[in-house]
Amino acid sequence: MSLMSVRDLSVVYASKGAERVYAVKDVSFDLQPGEFVGLVGESGSGKSTLGFALTRLSKPPAMIGGGSILFDGVDIAEMDPKAVRVQRQGGFAMVLQSGMNALNPVRSIRNHFFDIFEAHGHVAKRDREARAQELAGKVELPGSVLDRFPGELSGGMRQRVSIALALSLEPRLMVFDEPTTALDVLVQHAVMDTIRELQKSMGFTAVLISHDLGIVLEVTERVMVMHEGQIVEDASSADILNAPQHEYTRMLLSHYGDPRAEVVEVPGLASRGSLRASVVEPVEPVEPVETIELAPTPAPTHAPARTREGRAAHQAIVVSGVSKLYPRPSRADQPVLAVDDVSFTLEPGASMALVGASGSGKSTIAKMITGIEHPTSGTITFGDLQIDKVKRRGLKSLHREVQMVFQDPYAALNPLHTVEYTLTRPVVNYSGLRGRDARRRVLELLETVGLTPVEQFAARLPHQLSGGQRQRVVIARALASDPQVIIADEPVSMLDVSLRAGLLALLEGLRETWGVSMLYITHDLLSARLVTDQIMVLNKGAVVESGNTASVLQNPQHDYTVRLLDAIPNPGRRTPGGSA
Amino acid sequence: MRFVLNKVGLLALTLWAAITLNFLLPRLMPGSPADAALAKLAQNGPVSPATKAAVEAQLGVPTGSMWEQYLSYLGSVARFDFGVSYTFFPQSVAGLVTAALPWTIILVGLVTIIAFIFGTLLGVLAAWKRGTWLDTLPTVGGTFASAFPYFWTALLLVFFLGYVGGWFPTSGAFSRSATPEFSLAFVGDALYHAILPATTILITSLGGWILGMRSTMINTLGEDYVTFAEANGLRPRTVALRYAARNAILPNLTSFGLALGAVVGGSLLVERVFAYPGVGYLLYTAVTNQDYPLMQALFLIITISVLLANFIVDILYGILDPRTRR
Amino acid sequence: MTSTNTSTALANRGVPAEIDGPANPLRVVWRAIATIWSVPKARIGVVLLGAFIALAVFAPLIAPYSATDNSFGRSEDMSAAHWLGTTAAGQDVLSQIIWGARVSVFVGFAAGIFATLIAVLVGLSWGYIRTVAGDVINFVVNLFLVIPALPLMIVIAAYLQNGGIGMIILVVVITGWASGARVLRSQTQSLRSRDFVTAAVFSGESPGRVVFREILPNMTSLIVTNFFAAATAAILAEAGLEFLGLGDTTIVSWGTMLFWAQNSNALLTGQWIVLFAPGLCISLLATSLSLINFGVDGLSNPRLREGASR
């Protein structure tokens, strides 16, 4: 008998004055005892909504709109909340995405455990301390963690505590909702290992909800692919990987690759050895981007550095011996050395990757190159310009040449300004064009980034655009001053996997045709392989390895680079323990 | 510990600023408050040199540098010597203030704490039962009641429950026949007199606490730790109190400190209506008689009291929030 | 990815297909009012406030008598000639109430506007600068926050004897700007760290433009909230000061009506309406502003500026 049996389940969002929206539509599936199942989908696919419904945690405006959820033969979809509460012990548990905020900041970790024991009375009073210690051990945390408050723990530790708390219910079904998404790449990997081992040793049924098909294929036995509220494919992991049936699954899979391989290809981008190619022209603004037939014309490793009229050209950014020391946040802490003696040169027209986990100092380097922050020691020059000493006036002439593409498309555009206003400002400020000329230039820029019909997009406000469209506006804005250098800070990490390649192809294509050099900041080695020629690996503020992108990734010398490479989810590389 | 030391330092700095403000106020004002005060005092008979010095230190004299004036002012504050009131000649200002202060502190302090606790609980309930009558009633009632001017509520209560109904005394803090002492009879009499002023402050300040707690509580109810607590099957009461309300109360505690000044201000008006012998009524008397020395001393003592209350609230916050202990 | 992302994604599905160019400012204002109107509580507030403003503006037309005419019988009860009776000085209570609306509405709006103006200027510059000056302002603002406002007003008013409405507005503004400044400062700080503000710097915008075109418009609802809160406080403070006799007691306002009622022992003579009516008006006016505040949350919503109507 299956542990959970879902039939024709629908979840609707019904808020006052708005139309009822079906987030999950007529979904049916079964979960067998001890199974590890993945639930994959992109943002808005309804996967989290489904996860909340399975554990009876849907909150208004979301509500179950029909169908049944049989857990152990009993329908919990209609069950009285009091009865559901009792069911949770020995029943179903949930680990939320943001382990950061899942713990009560004013309660010690011990009390979190004791609250659960008290609520269900399943652990005798005198055994509680021992049981809490034991659970902490299971998620590889020391017993002393019980004395701490959530604010004193790192993100990874907090997520481990969340898992231990969910385990304390002794559940038969565990739902993990993006359990590692908010964590650092290396920590992600470690936490995922723990989850996998726990599932194997304790034998509970697990559902792993994730946007990342790579992670899911690595650890689960069976995968359900969700798209627009429906499960479009439900098959064993091996079948999904080797013989995907649904077009959507195939599209998702096409975006994965191993940056270590000799040939790496995703739709729109390819890298063979040290030769790269990108398909620029036919980028449709419609999402998701269609798979484009690749015509591998090898691109020159350096884009031709173009001379801009009336402006000095062929200038390199020279970073030499730069360090950045942040004052200690409070008296108890040590000062933070965010960047430690970093030197490099970004040649005109070059494309260079700066990779590292969060806290490696890569964003601080971006801030220093763009003059937003000044280094503690060392110099950064751009032609005659001393970036490390630039004052407010110099900042404008610096930004004419050095522009930035931001990480979060939802934060990078002022919600109250139309696309046209946002793009007109740099055009007016840097090119001196006014009125109709400025407008024509804005429309040209929109055309360049593939937002057509341009007039329509010009009039839109950010909330009327999708994430991918917003990021195109952000790229257009960066190009508005016709800069020589673009700093792209994780430009696609907030986007759905299927959109990433399209945007990177656009960025890389524009870089080549416009003759711009790019510093591509990322933690994602696959994309680094696809769009850059040189690479620098950063750990704790210091460069541990640098060189030609393809050769560094294929023959990593430093241990840290190897660890980063190992942390990449790769559907093709299933760990032996993954399919028990 | 560092947290407490920081707060003590800040308190000292704020106290100094308040004392200095008190020094500057009469000197920034047009005319010469000191001369006016001395002239009025002189009507009661010859002014002793000590009294004259104290009044001048407080209100400023045209002679002497600002710095000398400031030093002698600080000296008189340290000695708690604010000169002599001419309204209540020949009583010293310090003596008058000391006599009035306990009445206000007990009345306002107790009622405010009761109102805060009661309002907070109602706010928790309103947010937890959002959309039901348990939410609507306190929310709408609170909005309306917090728009009542303190003195108006007081006047209505005096009129209807005092004069018309005749159930409660309409003025004073105790019966004229009673003498202040620690006897059961006197305490009972004082409580009886305190009912109407207390009710006034309660009615008018309650709404603010309800609304404030309700909105922060609604915010915390949307937090992940509340969802996670529910996912772990904690009892609804535990989720509401130990998880949601326990966090929601923290920002409210800060606004409690800040709103204290407003409640104290309002209670001054209440004391005026009830002729309650606290600092508010005394301040009113001082102001109507232009008794500047008394007025300045009262303003200083009221400010210092509010600063100290705020300090206590800050420390309490530190105890309740483990994040400040790091 | 998160549940919030899911809901944004859901909201994004409703991208309108047609867009008819940028909205004009008039339409934005109209839609702002419509936004407030769409919240039932705020709607009651708008109606109430509208009634009081009409009362104040058209007082000469509405009031049956002059407010200062004391030729009537003293302390009369309610009658056809005097709907709310007369005061102890022989004035018509209803006429006084109607004329009195002028003072409260005027003081509320004037003090509210000035206090908000200072709060916006201090809050924005304080939130935008990151120097030692910030710490000094921090201390000054905190000082103004903890010093009890009404006693300070009383003391200043006592020195400035009978300064009238101008004096009252001044003391209300002096004591009332700090809380707004603090709220707006923290909002400025959070907005200035947003990417779109950094992006504006990259677009070559001057600091002034960054503050006034990028940051300020995103704080509209906070500023409006602050205005209504400041106006409410001003109306209550004005009434309180006048009740203590610290304003100009010869003008006709709700506060002075209560002052005279208390001083002429209206309590003893049973003239409850003289006590009841002005206080009720003060409460209702203050309530109307608080109610409107329930509806201003939507004002910073970009949907207000959409070209297409919904």
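A, B and C are the chain letters, set down in written order, and residue numbers restart from 1 in every chain.
Assume a contact is a pair of C-beta atoms (placed from the backbone, for glycine too) under 8 Å apart; a residue touches a chain by one contact, two chains touch by 3 or more.
As the structure is a prediction and not an experimental result, all values here were calculated from the model.
The set of chains touching subunit B and also touching subunit C is given as A.
Chain pairs A-B and A-C differ in how many C-beta pairs are in contact, and the one with more is A-C. In terms of their C-alpha centroids, the spacing between subunit B and subunit C amounts to 24 Å.
If you average the CA atoms of subunit A and of subunit B, the two centres end up 52 Å from each other. Averaging Cα coordinates per chain places subunit A and subunit C 45 Å apart.
Residue positions 98 of subunit A each touch two or more of the other chains. In the complex of the two chains, the subunit C residues touching subunit A come out as 1-3, 5-13, 15-16, 19-22, 194-196, 198-205, 207, 214, 217-218, 300, 302-303, 305-307. The part of subunit A that touches subunit C in the complex is made up of residues 13, 21, 23, 43-44, 46, 48-49, 52, 97-98, 178, 181, 211, 370, 372, 392, 395-396, 399-400, 403-404, 406-408, 410-416, 418, 420, 422, 425-426, 429-430, 456, 459-466, 474, 477-478, 480-481.
Of all the residues in subunit B, the ones that touch subunit A in their complex are 2, 223-225, 227-236, 238, 242-243, 246-247, 250, 320-323, 326. By the touch criterion stated above, subunit A contacts subunit B in their complex at residues 55, 57, 59, 85-89, 93-94, 96, 98, 100-108, 115-116, 118-120, 149, 151-152, 162, 165-166, 168-169, 330-332. Within the complex formed with subunit B, the residues of subunit C that make contact are 139, 142-143, 145-152, 154-161, 179, 232, 236, 239-240, 243-246, 258, 261-262, 267-268, 270, 272, 275-276, 278-279, 282-284, 286-287, 290-291.
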